[in-house]
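So the structure is just underneath, and the comments pick up after that.
Going by the order they are written in, the chains are A, B and C; count residues from 1 in each one.
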Amino acid sequence: MTEGETKITPDNLQAWLTEKFLEWAEIEAEEFDSNQPFTKYGLDSFGAMTFSTELEDELGFEINARLLWDNPNMDTLAAALAEELKKHQAE
Amino acid sequence: MKHFRYIGWRFLAFVLLLGGLELYLRKFTTYGQLVVTERTERLGWRMVPSQSRWSREGDVPEVINSDGFRDREWDEPEEGEAVFRVAVLGQSMTYGTSVAIEETWPRVLEEKLRADFAARGDAREVLVMNFAVQGYTLEQMVRNHADNVAPFRPDVVIVPLHTGDVAPMPASADEFDFKYRRAWFRTATRDLLNREVVGKWMPRPAPIVDPNAPEPINYQHLLKTNPRDKRAQRLWAQAGGRMDELHRRVDADGGRLALVILPILADLLAPEREDPSAYWGPWASRRSEPSTVPLVKAREEFSQGQELLLRKLIERFGVVERLPLSPTGMRTIPRDVPGADDSLFLYQDVGHYSARGHRLLGEAVFEQLRAAGLWE
Amino acid sequence: MYFNSFEYIFFLWAVYVLYWTLKEKRKLRFSLVLVGSYWFYAQADWRFTFLLFTSTVVDFFAGREIDKANEAGSNARRRAFLILSLVSNLGMLGFFKYYDFFVDSIEAVFESWNLWHLSAAKGGPLDYIVPAGISFYTFQTLSYTIDIYYRRIKPCKSHLEFAVYVAFFPQLVAGPIVRARDFLPQMQKTRKLTRDRISSGLFQILRGMTKKLVIADVLGAHLVDHVYRDAGSLEQSGGLAVLVATYAFTMQLYGDFAGYSDIAIGSARLLGFDLKKNFDAPFKSRSLEEFWTRWHISMSFWFYYYVFAAMGGNKRGIARTCFNLFITHLLSGVWHGAGWNFVLWGVWFGVWMVIVRLVRLLLPNGVMPRKAVFSFLGWLFTYHVCVFSLLFFRANDTESLVAALRALTDWSGPLPDVITTLPWQVWTVLGVSYFTAVWPESWNVRIENGWKRLPGLAQGAVLAAALLFFLGVAPPGLAPFIYFQF
């Protein structure tokens, strides 16, 4: 993880994730609706691959790009990732 | 040493099981006991020297001497020695596939020669050396002579011939270079897999035929059925050239060359068919310089030696191509055919002689070459 | 040295034992892996090791310099060293792999115009074999320098560790293409050797060998190689046979390549390294984009991350997106090999990807409605785009390709011998392999867990039985991995 950033916990995960996504998709916060599918904001399957890789680098565990497929909007993805994070932090 | 513990049990089980299987097969079966060959540049392949193995049926020993041939150990020739050496080239029909070495026709010849020399009061020791290697064509036999036979300076060199001998030398595609892979090839496990699984449970893939290569002529078939074909003619011409060379070399070494036309069942079942004597007869009769080359033909003897059997086979099957095939693809003689007991060929493989056949041939060779004055 | 050989098993075993014995001595154990890797590579041809070494040295140096320039904020220097890395890697790749292809192609053009021949210019020394794995390790080192350039990672401080990263024998010759940031940190953290790791590593290797020896080699030797032998055999085979052979080739390529990747990943795991999956049930893909997240994942990731995204990805409007897609796929085709058939393969995918992207414009939110029928159609379509792309891969030359295409339109003739006499064992392999390729992932997990629960002795017994099975079933002779030529 990059120095100086706060530790990512399942609670602040969605906020962090949203920030990352906004940065990746190059859109403003106002344009973004966490309920809408990512594809609306230009995240296609390859984007999913590269985005999930970036998330991996930050979170420190392997994320299957399919996680983004199966959870096509921010709300569901954040929930799923939070689960994963809990699992990995327990180890 | 955790890593030993982790890999240890697995490794142990792995090695024990495979090793156990191998030991069991070696002790209780005859798998993995076939004679092993290796690739050589000039000859294509040769038998690995000094091995003690078994025939493919597992009932006849095949011992290869330190020179790489199926015979006793041979001494180096000495100046002025009192040994009459006869070198016999050839392929599996002379090698004695599935037949004990003592019963092969070169040994029969030796036996008869010894008796003859003793009767004549010739004090020289007689040694008939078997230089036959399974699968060799004439080309390989001639090279074999140059490399391995000539150093022994034999008094007589006999070249047994059959139809396929003039075919081009086959590529030694199945021989491997890697030493350790040969070790694997010698294991009983591999032999077991090769005989029982590959080809049976799991068929072998058909070979890919390279379309750019000229259509491979089945020379064996061509030579048998259409010896006057132009391509066959070319092969005959080549073969004649090789034999000329061999004749010159043998003569330069102070020996004599003799040819033997091997009788084969296909010819015996089709008496009107030409055999190699149609070519080699004229070739031999044209030789007078540097010495004559006697030609031994045993077709008559072989016809008479199993007359009933041949008649019945012709009645029942007609031609050799209709004889039943064994699972390994060899033509067989059913045991229930009348006269089968007299067979001069192996039941399980009519391409090779039985002990009776070897004996008959050995006697024929002895008689005819004596008449030609070769045993002086 | 091929993975599917006794030599490799001995080699891996030796490296494994020595590696874990040298647990405390990091430098020594990495040196062992390095020497082992170079020796492994030298088995193909010892001269190739010079190229590997050059790539290592150049990119280690370039990476360090780019980072220094990053710190200093000197854009010109950063770019200069990145270009150095790009030019040397791509130059080496281009020269050794594509020179003959370019000359031949240009020559063909000149010949058709009846102009002078370049054959004199070609000369002898360029008649060589392409160094094995060059496409893989050059891309690997490029990922390192490019990531440093974009400030995503810091350069590796240790020559030894970097050299091991580049030459690591499990993935050296045919991937997966491993990113520095996935591998280098693993060299810092000493992995613990656990029973789970051994079991899992052995399982991967076993699975990879099965895919290669039982599926790929059998389908290739019995069916595909016969039908695809040359233009003549393709023409004679007729539509149905060519179709069946192409389905079989699809599975053969998968078995071959995924098998290799499995063995690579398993071998790496035995040495304490975790490489990412390179294949993930690709025949389950319900869309073309999904396919590329399941097939040759490390390569498609490389192209998407370093080429597609660098060209702007899908963020510059639809026209640019389509262009980027097309170019990315074209390049990935070129990467595979120096031949027009590979270029066409890339173009085929490029065109279909663009079409699919354009179709998405018409759909609400860009996705297909989540109904079973659409999933099925999407799957059918994707599978066949993949299958037909492999016509380009497998056809030996343009003549064959044309013959194959023509044969596919002609279903009138009788079935060729190779199909009518195909042994039931081969049909079984084809059927079972497809079945296992699309069955639920949970079944795979269950099998692996079942294996892991077996005690060591039992695992050893299974491995022994597997070896005998492979020796009985696989066609005789050592068949090289298809991707070795890349």
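Quick note on the criterion: contacts are C-beta pairs under 8 Å (C-beta built on N, C-alpha and C of every residue); 3 or more make two chains touch, one makes a residue touch a chain.
This one's a predicted model, so the numbers in the text were calculated from it and none came from an experiment.
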Of all chains shown, the one whose Cα mean is least distant from the combined Cα mean is C
On a CA-centroid basis, which chain has its centre farthest from subunit B's? A
Where the CA atoms of subunit A average out and where those of subunit B average out, how many Å apart are those spots? 75
Chain centre separation in whole Å, for subunit C relative to subunit A (CA means): 28
Return the distance between the CA-based centres of subunit B and subunit C, expressed in whole Å. 49
Taking the touch rule as given, give the residues of subunit C at its contact with subunit B in the complex, in rising order. 6-7, 13, 16-17, 20-21, 193, 195, 198, 202, 218, 221-222, 225-226, 229-230, 232-233, 418, 423, 425, 455-461, 463-465, 467-468, 471-473, 475-476
Would you tell me which residues of subunit A are touching subunit C in their complex? 25-26, 36-37, 39-40, 42, 44-50, 53, 57, 62, 65-66, 69, 72
Looking at the complex, which residues from subunit B come into contact with subunit C? 1-4, 6-18, 21, 180-181, 184, 189-190, 193, 197-198, 201-206, 208-209, 211
Where on subunit C does subunit A make contact in their complex? 152, 181, 276, 280, 287, 289-290, 292-293, 300-301, 304-305, 308-309, 313-315, 357, 365-367
